[in-house]
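Sharing a structure with you now.
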Amino acid sequence: MVMPSSDWVELNFGPQHPSMHGVLRLKAKLDGEIVKEIEPVIGYLHRNAEKICEMTYFNDNLIYFDRMDYVGAMNMEVGYLEAAEKLLDISISERVKWIRVIMAELSRIAAHLVWAGAYGLDLGMLTPFFHCFIEREKILTIFTEVSGSRQEVNYMCVGGVYQDITEKAINEIEDFVREFPKRLKDIFNMLMKNDIFLSRTKGIGILDKETAISYGVTGPMLRASGVEYDVRKAEPYLVYDQVNFDIPVSYKGDNLARVLVRFEEMRQSLKIVEQAVKKIPDGPYFNPKAKKSLMIRMRGEGDVYARTESSKGEFGVYIVGDGGVKPYRVRVRSPTLRNLSVLPELAKDVMIADMIAISGTLDLVFGEIDR
Amino acid sequence: MIEVKEPKKKIPVVGLISGMLTVSKYIFKKPVTVQYPEQKPELPDRFRFRIFLKLDDCVGCTLCEQVCPNHSINMQKVDRENPRNKRKIYPDVNFGTCTVCRNCQEICPTEAIYLDKEFETARTRNSFTYSPEELALKENEVIK
Amino acid sequence: MNYTVQVIGESVGKDGRKIIKVTKENFLDLMKDLRNQGFDHLSLITGVDRKDFMEVVYHLHSMKTNEYVVVKVETRDYKVPSVTGLWKSADWDEREQYDLLGIIFEGHPNLKRLFLPENWVGHPLRKNYDMKKTQYINMDEEGNDYATFDERGGW
Amino acid sequence: MNILLRLQELFSPLGHLASYILAYIFESLFLVIFVTISLIVMIYVFRKYMARVQQRIGPNRVGKFGLLQLIADALKLVGKENILPKNRDDLPYKLAPAMVFVSLVLAFTILPYGDFFYLGSFTVTHSEVTIILLFGIIAIMPIGEVLAGISSANKYALLGALRAVAKDVSFEIPMMLSVLAIVMMASARTPSSLSLESIISSEFLPYGILEPIGLFVFFISMVARASYTPFDLGESDSELVSGHSTEYSGMRFGMFYMGMFGSIFLGSLIVSILYLGGPSGPLESSLGFIWLIIKAAILVLISFTVWLSMPRIRIDKFINFGWKYLIPIAMINLILAGIITLGWGL
């Protein structure tokens, strides 16, 4: 029986809702259990970081980038510095590049672990969440070891990193690389061996290639739809052209494909970290030119766009400088915002449970969407 | 580029049971939690939280005030004899907005302002701002 | 690259990306051209408030050939033709730029504010935005939020 | 000899009627205490078990090893303000949690617990048709959930109630079919085949060994009825916030919470009574109660593992499963039971 649209029930999911990953609000129109149309409403965490960035020095902006994708902060720092260092004409040494690669990849694993745990919770599974966070805590300890803070690290700065990576931290990373695959396999098995999990993900929320590209979807979501696009390969930054890794791709485009791609990405990131720890060369960890300018007297002119692959997708930073010590305009290409914009397309005529399962695979982090 | 593979089809209930075994396996492993007030976690060497100030070294250059990204540091006049600090201004810190970014420590020319491991700085809302004299004290000596 | 329309100039930016400058009249035709040439991914729309005019920057990318091109268009009356018909991702991007900069994208099907409440006064990323005036946000019965200058009317 | 008769003996100087009334009152009190204590122990065990599975420690602050944690929680719930929704339907809203909890305790009065040394059996009600009474009582519980859902004037709660109804309708039938098979088999060996006690006493092998299919169907139905994670559709906390109990707070919420744990325990008890031989076991007969509790505890632990390791099933797939797979399986089980019974009869 088809209900007329006037009989649809309007229901607000969020902004406070257990599985809205922060403060997403979905205005849903329901026909019984079936979601007829949804409209995402965002902005509950809006801080206008772009405006704040116009008011602070180039180097100080980093802490606002930490707080965008707060589960994988190092990736955001890499993304911002890629643009800022080009604008300010400050080069970085080889050692710094390798350190940044290690940190970015560890941070990618950390972000994916948060996602994997939260996705289990979305589907009603309690246990994987804790195992994910136990492993994530090890990464955060490594971050503390190198930078002094756990989550919002503020480790990198224009021209290098604040503190050199220590021997102890490298040992810890090596330990992590050795021990993590065991636990990852367990987490993977908890999800993938479960028939109910498969029935909740297989063939649900299929995103085809053309729609994905047109909506600007990037990252694991795009790769799960069959596009082999990864900024680390397409436009290698730092030293990604010197490490050996693969891009996981699936041609199914459903929830399960996105889950599998993310799990494979964790394994690939681990591979990168393993190589990078061995290859890391000696050298200065800081560009003296930046230090001499006291971090606040760096001037840049022109406009620079740099794109990097964050854990959510293509993270781009566009900086316009007018020759002053502060940026004239900073614009952030938030990958999750585009990934979220495809949700009304995906969650059409699906059940409520599927809508939650689909929005879980988008890997939403509201610090980044609302900025 | 590698293509990820979907897990193979299995007999229905077997997967569920193996998942249950994977979960219940962990009952024999040690818990990882730390019982906080009794057991202090082992903090890495570089862990930093609270800002300290060496009053004798501070020259009142206001660099820390300039570099602080969210204006947690403000310069205060303190009546104190210090030949290096002619203007008699010292930084105070509002820990309510401090993000522990360590920029002030990086920029300080005399290493007067620095961060240290102390992190148990619970305060009521109105007493987040530490005056320069209080910044020079250890955390348990600060009375608010 | 060949275009059927007149462009003001082509240059290479500091980051090595090709920049095409175009007038507002020829803008939509150029975008259609680029779309047909395989630029299927509209990466970013940026408005830059240059005080006396508004510069809108489009970052285009081709998934197949991995080419990158930047299109810049200037507008003095804060109006630019919308490109939602060419790329779906332009929808939210244009809403965001309208929200924060007040650029009106002509032809956009649903030009509402993206982050801020609908009755927010001013566009925060404009250089002349008054930061002194505090606006408070509250929620009405329907769950939609609104802005007010009254200190007690929100948080 | 059971507790009821012993109590009656104790009060016999007061006269026949008065002694029976007093005996029933005290016996019911015993039972309520027994149910409460077992629930407290169960929730404590669940928390510790969940914590260990997730490599945590679990409650350990209140009392030694956190043993008093649940009492502290109960005090907190009692002390909390009851926030009532504005547009509620007052009477059903307040009745619903009580209904869930009372029907839970009522169900415990019927079960045959087996002897426990001198004390004897806990059972309050002795009747020839306990099995019908039992399933009549446990059918009340979902009604409380549905009432809660429709009376609290909340869309989440309404959706939760709808799901709960759909779930219960599709799982009562296979449950009753598999019970029917047991009654059928028992009828070959005992005249009063509707009494739980005579079902237990008449078996020469636990019915779970004779008809494993029935055990499987019945256990799944019990899991579905207790509504924990694979089948917690009425609550589905990541989708419908908290389902039918969204608008409840304070002790009213506590009753739903206890109701869920209570029905896990009740379900395990019923499964072990019907299919695993209940109080019967090796060694002397006065240990029957202990055997029953051990059997139930193992089932409870299995339930907890299921809870902790599975995601929630989708409502349509779940109902499909109920109607398209479980009912036919239960039918096959019924036929097999008939064949076995005929074999006995011959």
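Letters A, B, C and D name the chains as they come in the text, with residue numbers starting at 1 for each one.
We take it that contacts are C-beta pairs under 8 Å (C-beta built on N, C-alpha and C of every residue); 3 or more make two chains touch, one makes a residue touch a chain.
These figures come from a predicted structure and were not determined experimentally.
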Task: Chains touching both chain A and chain B - done: D
Open item on the list: Of the chains shown, whose Cα centre falls closest to the middle of all protein Cα atoms?
Closed with: A
Task: Chain centre separation (chain A, chain D; CA means) in Å - done: 45
Task: Centre distance in Å when chain C and chain D are each reduced to the mean of their C-alpha atoms - done: 60
Open item on the list: What's the distance between the Cα centroids of chain A and chain C, rounded to whole Å?
Closed with: 24
Open item on the list: Averaging over Cα atoms per chain, report the distance between chain B and chain C in Å.
Closed with: 38
Task: Contacts with 2+ other chains: residues of chain A - done: 127, 131, 134, 190, 194, 196
TODO: Could you tell me which residues belong to chain B and also touch two or more other chains?
DONE: 16, 19, 22-23, 26, 32
- [ ] Could you tell me which residues belong to chain D and also touch two or more other chains?
- [x] 53-56, 308-310
TODO: Would you identify the shape of the chain contact graph, picking one of line, ring, star, complete or other?
DONE: other
Open item on the list: With touch defined as at the top, which chains are paired up in contact here?
Closed with: A-B, A-C, A-D, B-D
Open item on the list: Could you list, by residue number, the parts of chain A that touch chain B in their complex?
Closed with: 56-57, 59-64, 127, 131, 134, 137, 141, 144-149, 152, 154, 157, 162-163, 166, 168, 186, 189-190, 192-196, 198, 202, 228, 246-252, 256-257, 260-261, 263-264, 294-296
Open item on the list: Help me check something: in the complex, which residues belonging to chain A touch chain C?
Closed with: 12, 25, 42-43, 46, 48, 50-51, 54, 83, 86-87, 211, 213-216, 227, 229, 234-235, 302-307, 314, 316, 318, 320, 328-329, 331, 333, 337-338, 341, 370
Open item on the list: Going by the contact rule set out above, which residues of chain B touch chain D in the complex?
Closed with: 16, 19-20, 22-24, 26-27, 29-33, 35
Open item on the list: Under the stated contact criterion, what part of chain C meets chain A in this complex?
Closed with: 13-15, 17, 40-44, 46, 48-49, 57, 59, 63, 66, 68, 70, 87-89, 91-93, 96, 100, 113-117, 124-125, 129, 143
TODO: Please give the residue numbers of chain D that touch chain B in the complex, ascending.
DONE: 49, 51-57, 60, 305-306, 308-310
